[in-house]
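Chain naming follows the written order as A, B, C, D, E and F, and within any one chain the residues start at number 1.
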Amino acid sequence: MIPSQMIVFLFIFLQSYISLAYDPDPVNDYCIPRTEFSSIFLSCKNTSLVTVDDFIYSGIKDPGNFKHTGFSSIPVSSTVFPGLNTLGMSFVRADFDVDGVNVPHFHPRATETAFVLEGKIYSGFVDSGNRVFAKVLEKGEVMVFPKGLVHFQMNVGDSPATILGSFNSQNPGLVKIPSAVFGTGIKEEVLMKAFGLSDKEIARLRKKFVPQ
Amino acid sequence: MIPSQMIVFLFIFLQSYISLAYDPDPVNDYCIPRTEFSSIFLSCKNTSLVTVDDFIYSGIKDPGNFKHTGFSSIPVSSTVFPGLNTLGMSFVRADFDVDGVNVPHFHPRATETAFVLEGKIYSGFVDSGNRVFAKVLEKGEVMVFPKGLVHFQMNVGDSPATILGSFNSQNPGLVKIPSAVFGTGIKEEVLMKAFGLSDKEIARLRKKFVPQ
Amino acid sequence: MIPSQMIVFLFIFLQSYISLAYDPDPVNDYCIPRTEFSSIFLSCKNTSLVTVDDFIYSGIKDPGNFKHTGFSSIPVSSTVFPGLNTLGMSFVRADFDVDGVNVPHFHPRATETAFVLEGKIYSGFVDSGNRVFAKVLEKGEVMVFPKGLVHFQMNVGDSPATILGSFNSQNPGLVKIPSAVFGTGIKEEVLMKAFGLSDKEIARLRKKFVPQ
Amino acid sequence: MIPSQMIVFLFIFLQSYISLAYDPDPVNDYCIPRTEFSSIFLSCKNTSLVTVDDFIYSGIKDPGNFKHTGFSSIPVSSTVFPGLNTLGMSFVRADFDVDGVNVPHFHPRATETAFVLEGKIYSGFVDSGNRVFAKVLEKGEVMVFPKGLVHFQMNVGDSPATILGSFNSQNPGLVKIPSAVFGTGIKEEVLMKAFGLSDKEIARLRKKFVPQ
Amino acid sequence: MIPSQMIVFLFIFLQSYISLAYDPDPVNDYCIPRTEFSSIFLSCKNTSLVTVDDFIYSGIKDPGNFKHTGFSSIPVSSTVFPGLNTLGMSFVRADFDVDGVNVPHFHPRATETAFVLEGKIYSGFVDSGNRVFAKVLEKGEVMVFPKGLVHFQMNVGDSPATILGSFNSQNPGLVKIPSAVFGTGIKEEVLMKAFGLSDKEIARLRKKFVPQ
Amino acid sequence: MIPSQMIVFLFIFLQSYISLAYDPDPVNDYCIPRTEFSSIFLSCKNTSLVTVDDFIYSGIKDPGNFKHTGFSSIPVSSTVFPGLNTLGMSFVRADFDVDGVNVPHFHPRATETAFVLEGKIYSGFVDSGNRVFAKVLEKGEVMVFPKGLVHFQMNVGDSPATILGSFNSQNPGLVKIPSAVFGTGIKEEVLMKAFGLSDKEIARLRKKFVPQ
């Protein structure tokens, strides 16, 4: 006989983060991760248990709360919408208050096409030769941000604005420059030299971005 | 000396269809095809000639003319939006009159995520086990159609409806089942046997779909 | 102590469909799925347990039973021939009685090269511009069907015919147009509009293709 | 005016080897290289010039001349069958006289599935742990040779034998071990040390494999 | 007759930047771009013109000039070492004076493995959850920087230090955060909001990084 | 109640070889395999358990023991350096005594860039047209060996030499020609015919390479 704790241990043991997979070229029509064990195995639900709701996402009908900071985003990767698993796509809804800013950021694993659902958005990216391509987009216009390049947006209209972004990865990743650089424990000397700032200036920037 | 015709011939000779390329893993930030020779060489514009407008598409602000057939679509691949070249993405705007139908079709080279911009859309796909996953989507909902599977949509609301589809290929391709099967010169006997229809029935269907 | 049922439950629980994997670029020489758990984990057999028979398939020496419908096919994906797992290839044997038809179909995840082992086969595909490329193939000839495009075949000789198809995916998928469109629960109105048929005609077609 | 030689020079200049392309994920239905310039540009024929014959290969109906050496092979890559261009597949016909041998070789860019069309073939491969998987295959059996691994075949029956190999690359490449190692100008000392052979033995092997 | 200017024009016309290609899965052994036309066509040198020197790079035997800024790097992509073309790899030599810093940067198209050739290097990266992984590396140690993530290095030893970085792309790209963000024409308001800085502070940072 | 043996059995059962994964296009920043179960599941450690040491490898600071055979190599794939998992790269340190030889070999799944850390190395590869590209490399020079092609190296200097090789696969594989051909159980007749050697000569070669 074995103690039930051992089984419990086994279960807990297995309850950790996993979503190892790859974007290109699925070998099945789809693969809905098994909810019970999705965090453990790379296994697909038995197709007989798959329903149409596995392929529909309803969580971006409404904006996130953008009132506080002027900006909100709801990224929808395969983590929150498991139907995307193995299919090589995901998306994001971004809402901007007047003057709201989506800070310079990039997605390490995807190109993005951004469609303006509402409003006037100053939108741009920087190529690896440090050239900026930026312009004000109107409702119905689309801009493409090439894979891995830094981009940014700002509502330059008189009313809230909304963007729908699409990605060619089920999990594009998101690196926000200000917090990735100043909100993390990178050695102070590195930042001082890199930005030509004093230790006090770096300390002040850190204060803003290091999570309390 | 050579006759100038020879050069003219050379130019004409080269003016034919080309857009050979591959979706995954670009080796440059972007590659705007050279407009003068884009039909000839797989060459990118000198980056100094690239402008922000190369990365913005403004042609889907308004619906296509969906009044005649109840449905219109404006596919935006790298052919019409060269900024997408090598970036592995493209998109489509589809508009539906009341009861308008997007006939069963598939994209041989991409998964699609379809976002409902306006209206109520009955939307679904068929997996390779012949199971249908279909449901009525509301404004703001998203459905994913896995790579290469047959899907379809119908406006089941009381007013026109619009969808924005995104693809993970710069040129997903489009195969509309009715015209691909009945609108082409596939031998009559094949279709009779395949669909269990008489030669008259096949002839009648062909009449509808073969372009005049 | 824990009840044995719990373990039994665990096992049953895990016994569901899985074959998540991707076609390109394996990271091992091969990966024979573990038979005991292949339906659960993406795990490879210990190489010391792998034998030559894991890499050989003997199930297409003889034709399937094509007498009833005039056509039979034996698709050999990684599901039935586990040695193909991670290697990006699979194949199919198709047998045709005189006048036998392989109905219009496509493979969502692979290109196919079809080699005529025996007989005379009218063979063709439709490109995404709705152009048909079709011709009668003789024994020893090969036709290529590009990834995701609709294709079909018919024995136009005086004796049974056989084809060997090869695919560049371990699980290319198969969508047969007649049954995918008329043998599934797609809303009647969609089909009526799509094919310009009456509800009676659709009902008659459905009767043929919906599995009883 | 310019001398016509300059143009001639331009043409000659361009007439050199090229077939740069990549296997995965085409962005068109197909791309038949333009015959006039296929050696120069990566350009596809205008689709209106493409015919069904571009997708059919008739050159392996009959065996090559295997009488002299006991073995012949007809590799059909995209170089000889341009319809394969961008589609990620190719194939080979191999014929064996009684006792004929296909020497140990490998394909640097593809997995192979080998189908026995006729005869009894001893067939095998070596994995990267130096384990041999080999067996006699009968007509109608299929063996898979994983990407990049050394494999070999020998007719062990009483009559000629034939194999149809398929590859998941439009140009898999072929490296025959004996000639790649002993038929090339690798420094003698390297070979002596590598194989533990004397200079005379190496010289004798070289004589056999260096093309005269 | 045509004017020679027309030909000259044709040549000049073609002399622009191009290196469109993709990393995965070459279809040839190698493809040395034709030097005469490499900027125009995606064409490979005739193999008979390829020499061993096409596959060897000798330009990183010595450090770059790191005395002025404390840091120098010599990136070797397929642009400077054409032998890498289509092979999916490239590399970089980085030299650090005492206290020299490689500012926070990332490569949009590649993972990097960095080997310490000489010295003691504080080295780290930030994951997309804003966690820093950093440590002092000694001579002979290797750190991996996952694809697209921000990383940085600083010589914390008493003497100059050197690193050899390798990439899994022929052209990984390089985005240096300080200059990409502050050295380009991103709208001032975006930066003020993003970093919580005043217009004067932004102006001061810009002065440092905008090329004069 | 169940017997504890059953659980033990379950654990042992699962303790077998696995590292199924694919090189291109990860969907996470990284994925450190869970050490407890890495041999069982394709699961990543919970990111909170990941440390900087998971991304650093210290095992190639010193050479292997190259004194006995004149050559040693320390391959560092994702098996020994789990931080490489899913990131598409790995590396090797090779040390050569004077006259030491790295026998003709190839990597079935990767291109290699080889950097000379120390010494003078005669280094080359054979393309699939049986042409050798070889030359003596000096310290600081780099040679690229295209994916899947046979290559070799020999120390032609007066003192020990060292090379650092990098690969664009987390597990490139290694096939050493002499042992793969003569050190395995390939049928004698195949080798006799392939190399034009007598049974005695083959037997002698086998003696050298078949592990005792």
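Here is the rule we go by: contacts are C-beta pairs under 8 Å (C-beta built on N, C-alpha and C of every residue); 3 or more make two chains touch, one makes a residue touch a chain.
The shown structure was predicted, so the numbers you read here are calculated from the model rather than taken from an experiment.
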| item | value |
| --- | --- |
| Turn needed to bring chain D onto chain E - CA fit, degrees, nearest 5 | 120 |
| Duplicate of the B-C contact set - from D-F, B-D or A-F, the pair where over half of the pairs recur | D-F |
| Intercentroid distance (Cα basis), chain E paired with chain C, Å | 45 |
| Gap in Å, rounded to a whole number, between the CA centres of chain B and chain A | 27 |
| Centre-to-centre distance between chain E and chain A (centres being mean Cα positions), rounded to whole Å | 25 |
| Overlap residues in chain E, where contacts from two or more other chains coincide | 1-2, 7, 21-22, 24-26, 29, 41-42, 47, 108-109, 124, 128, 131, 134, 146-147, 149, 173 |
| Parts of chain C lying in touch with chain D, wherever the complex brings them together | 24, 26, 29-30, 47, 50-58, 60-62, 76, 81, 83-84, 87-91, 111-113, 115, 117, 124-125, 127-129, 131, 133-135, 137-147, 149, 164, 166, 168 |
| Chain A to chain F touching residues, read off their complex | 1-2, 6-7, 13-14, 16-24, 40-42, 78, 108-109, 169-171, 173 |
| List of chain B residues in touch with chain E within their complex | 1-4, 7, 21-22, 24-29, 31, 34, 36-37, 41-47, 49, 86 |
| Touching residues on chain C, where the partner in the complex is chain B | 70, 99, 101, 103-104, 106-109, 122, 124, 126, 128, 130-132, 134, 146-150, 152, 154, 173-175, 177-187, 189-191, 193-197, 205, 208, 211 |
